[in-house]
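The next part holds the structures, each set out as structure tokens.
Note that chain A is present in both complexes that follow, paired respectively with chain B and with chain C.
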Partner chain A sequence: MQVKNLATKIFRPIIPEAEGRNMVIAGMIIVAIVLFMAIFADIISPYDPTKLAGKPLSPPSAQNLMGTDNLGRDVFSRVIYGSRIVLMVVFSASLVSMSIGVPIGLISGYFGGKLDRAISMIMDSMYAFPSLILAIAIAAVLGPSVVNAVVAISVVYVPTYFRMTRGQTLSLKSRLFVEAARAAGAGNLRIMRRYIFPNLVTTVIVVFSLSIADAILTEAGLSFLGFIVTAPTPDWGFDLSSGRPYLPSGYWWMITFPGAMVMILALGFALIGEGLSELYAPGRER
Partner chain B sequence: MASLKAYIATRALLVIPTVIILLTLVFFILRILPGDPIASMVGQKVPPEVLEKLREEAGLNKPLIVQYVDYIFNIIHGDFGRSMIWGKRPVLSEIMDRFPATLELTIFGFIISVILGVITGSVAAFRRGSKLDASMRVYSIIAYSLFIPWFGMVLQMIFGVYFDILPIGGRISPGMEPERITSLYVLDSIITLNFKALSASLIHLFLPSLTLGIVLSGAYTRLVRNNLIDVLSQDYITAYRSRGVKNMKIVRHAMKNAFIPVITLMGLQFAILLAGAVLTETTFSWPGMGTFLLERIQYRDYNSVQGAIVFYALFVALISLVVDVIYALIDPRIRY
Partner chain C sequence: MEIIKVEGLKKYFPVQKSFLEVLFSKELQFIKAVDGVSFTVKKGEMLSLVGESGCGKTTVGRMLVGLEEPTEGRIYFKERDITSLRGEKRREIQRHIQIIFQDPYASLNPRMKIGEHITDPLLIHGIATNEEAKRMAIEMLERVGLVPGEQFYNRLPYQLSGGQRQRVAIARAMVLKPEFVVADEAVSMIDVSLRAAILNLLMSFKEEYNLSMLFITHDLSVAKLVGDRIAVMYLGKIVELGEVNEVIHKPKHPYTAALLSAVPSFEKRDLRVGIFGDVSNPIDLPPGCRYNPRCPFAKDECRKAEPELIGTDRHSFACHYPLDIVVE
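Here is the complex of A and B:
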């Protein structure tokens, strides 16, 4: 039923769906470019991101495409290398929160009862708490490091996956095909694994890309506030904060480029997520 | 009306478990997570005796369960402990010095985001399927993806440095502060009819609240658009149309119904607004709660850090209660 619905959705070229597909494609191109930058940073970047590459604070030129920072390092090279930490942190954090949030949501929604109410209450409280502040609290206790940033960000996004999975499970478990499976003698574990979980996959993928977009902004925020890397490691959020003291003197290139990359990458994932939700969640958009 | 009162009372009682869960969460993060908060805040270079003394000062050397009971008990009594630096003032009064700045910023940011969201969303809904609709959608996704510090700094570079017409930081020009009544500078200067202070504080508020407002408006654009389209396609609107009711009147009816879900979003957005305010405050050197929290993390003032986070938790719980009550007042279906 779901699959057939989906197929008609994909193969029937009406305008909104074409728009959804275009959004996914545009997002994927952006993400692919950033991934390419991260993987081949050693080859693409013209200079070592941590070494002197020209006169300090020189504006963009043929030698330094995006200018140099206050220590004479090449901003372009730092922007390329800066993609590495953000991608690593955000991907691993999202995978961790997904693999915690989805099973808990599935079990909680499937069995219901007191346990479900207790877990839901905890998750809802966490969800209500401002995510960046939660991440700051965790990062401050654990101390600034890349691994701790992954921990902090993954904790923050567990409730997102939990709520979505739980909600879907609640509506799926009363559907006819689940009842049929139960009548045929399938156990709880089998029903969850074989009948409910496959129907969650598309939603999980949509939520994954949307929450990655959000997680990128959280990572950049933490990094901007100094909770992820220390000098001289290049990271967009961190580089943006290093450029901040030079803003009043008009050295715009130290700020514009690393910050714009944060937006572009977040935009890439947001486009994928929005486009997918348009393609796979009929009725949400008209 | 009796049922409304009952609803509000039930909802108010339900805040208690939420608050306790949030407080426990904060306790868990600050005291049970692996890693010694004091050590990781102070760094490795401090002799063990000093660490021990700091731990004692923060009450971290007692058994966990005693710490937990003390912690909850003190918060119920409004005792957030004393700051561990400088004058060792009570944390709560330090927070009260900083909170109005955040409140002022978030209120203005909130107003701007709602206004922008309603305008863009309605334009998209009434011109559904047009180029304008598509560009509003692009606007909402881009607004959502903006990185607050970067966007704020871009505005600073344009209006503060290049055109040099707006200040790039601070809450008001030094010495211009209005008499303190509510500590919300805009409100205070209106009450005291101090127009110099009013214009100075509005000028300082403009860029930070615009930054916050634009970034958060994207979510409203989508919601307003989708709700309006929903409502506009309903039978009673068609009935109005067929009877020749004027467009403006239809819009008024449609808007009212389209707004109910928007209010729920406002509640959720408030948490995002507070998180966004941390970054906005840092970007614009705004002396609010966010900069307070970060500054105290840097000074390793454990009690203040805990106090600030607890305060955020309480504030979020309060806002969700207020939103639910507003919701019940507007939508009669919600009462039970």
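Here is the complex of A and C:
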């Protein structure tokens, strides 16, 4: 009860009291915890994630909260450090695809015509691929590295932002207040900047958190296949693949914990996204 | 002096067709929204444009402010042809021709401060710097009755009522000190109790700036009140045009008479001019006079030849058999 009161106190000024609010708060708590883990990994984690920390393959115990892996490294420490790469890759990739997809969608939707058709066709053909398959293809061409993973994932999510922005722009540009601005003499750039873009922001935020949730899974997939990091760097997807051969012998802790973390983090962002889209649901001005 | 002169203005909208229809018929169909309209507005004059919905009166207004491109015809502003002006030159003219829209709920940007709606036109036309614009906007807000201006400046549209929003729309149009304003049904969505106040506000600007206005409305009683002259539109054409007293008291066209009969009144009236059926299809207009299927006085001639707008400056009409009645 007290926890709930405290949470309400903190979040009330930021988030209006409305449907979807609890989802946003739950998601924010999850994301905040993982962010905290990533930032203070040095302080929180009991062992160096790349060094021997106990007998190999020992089950969870007081010494090793989540057990040790086949090389005797502490799984708990690896899970904590692993959050760094996921968050970095996913955030920067989503920022890149947003800053490419939103302006292109805005211009394409606003001006329409042949340019719009050409861009839409390219984006739709990209959107037709399953995101993981496309990411793998790009990553395979570029070679394994963190930067290349960011490139691969950002390319995959550009169409998501493009389609959303273009659709919204199409409906916004025929709204009366845009015509009023045009009648006042406003140029195209001004109309896009002052009249259309501000009305897109809430949708962009929703799509941003939803696509991050999706990108986390894509990142984990790429990492699992070895396209992002190499041993001994800790990363959840990568640790899943290194723990996989030991699962049939009963060493469940090597993959359960990193896997659960991927799921929880994706859930956190999905909750924020879904909650926000409910908060900003049509009919609610502002 | 003539501020605005419109000659033979036409606007045809192509009818949207499905792919199969396009494949099997070559003929393109058009909705004749505006079908040859001519009029002038003098300096300081208020011209009311009256007609039922769908008659093309809004399209005329939109063409005047450059939101719609005419299919045919010319628009002159102070004897300068502005029909096909684009870009920077158009923007210069735009400063003098403003519009007030019907729907105050849709004409303001929900994410922009009230004040910014008024500073924006000033900044676009480089009339004032940021600070000057803000000062002018606050003055203008108070001028239209949104006091205190500083408080209203920082509000967002959703915090205002319909009447207040329309005041903002008026302030936005008037802050540029235009010479010609199109008021497109500017009071028809306003609460009846506030209509008079908004109309008075508009009229006060007209006095102050010696404004010329095109006042688009479907409400004859409002047109009677504000207009110096009245133009009655039916299906894309002006059927009667003249000074308010002439048109209201001596209507020549049966359509004007029918509209006048439809105005509710407490007094007993003798005027009862009927109207039949519904508006004809603007894609496929009836032959002859376009009002003939609905006119109780229609004769053979009306089904053959389309009447032209004839008469004097004080009063002209497009009818083969004009009425000869006097309405009190």
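Odds and ends about this structure:
Keep in mind that, in the parts below, the second predicted complex is superposed on the first by the 263 of 286 C-alpha atoms of A that agree within 3 Å, B and C clash if a C-alpha of one lies under 4 Å from a C-alpha of the other, contacts with A are read in each partner's own complex, and residues count from 1 in each chain.
The rule is short, and it goes like this: a residue touches a chain if its C-beta (ideal position, glycine included) is under 8 Å from a C-beta of that chain, and two chains touch if they have at least 3 such contacts.
If you're wondering where the values come from, they're calculated on a predicted model, not measured in any experiment.
Upon superposition of the two complexes on chain A, no clash is found between chain B and chain C, which fit side by side. Residue contacts after overlaying the shared chain place A:A186 against chain C, while chain B stays out of touching range. Once chain A of one complex is fitted onto chain A of the other, the partner contacts of A:L217 are limited to chain B, with no touch recorded for chain C.
When the shared chain is aligned, no partner comes close enough to touch A:M28: not chain B, not chain C.
In the superposition on chain A, A:V96 makes contact with neither chain B nor chain C. In the superposed model, A:L176 lies in contact with chain C only, and not with chain B.
Between chain B and chain C, more residues of chain A are touched by B. Here the smallest spacing between CA atoms of chain B and those of chain C, following superposition, is 6 Å.
Common to the chain B-facing and chain C-facing surfaces of chain A are residues 285-286. Taken in their complex, chain A has these residues touching chain C: 175-177, 179-187, 190, 194-195, 198-199, 201, 285-286. On the side of chain B, the complex with chain A involves touching residues 17-18, 21-22, 25-26, 29-30, 33-35, 37, 40-41, 129, 134, 141-142, 144-151, 153-154, 156-157, 160-162, 168, 226, 229-230, 268, 271-272, 274-276, 278-279, 282-283, 293-294, 297, 305, 309, 312-313, 316-317, 320. Contacts from chain C toward chain A in the complex involve residues 65-67, 91, 94-95, 98-99, 101, 103, 106-112, 116, 120-121, 124-125, 156, 158, 169, 172, 176.
Remark: chain A residues 15, 19, 121-122, 124-126, 128-134, 136-138, 140-143, 213, 217, 220-221, 224-225, 237, 240-241, 243-244, 247-248, 250, 252, 255-256, 258-260, 262-263, 266-267, 270-271, 274, 284-286 touch chain B in the complex.
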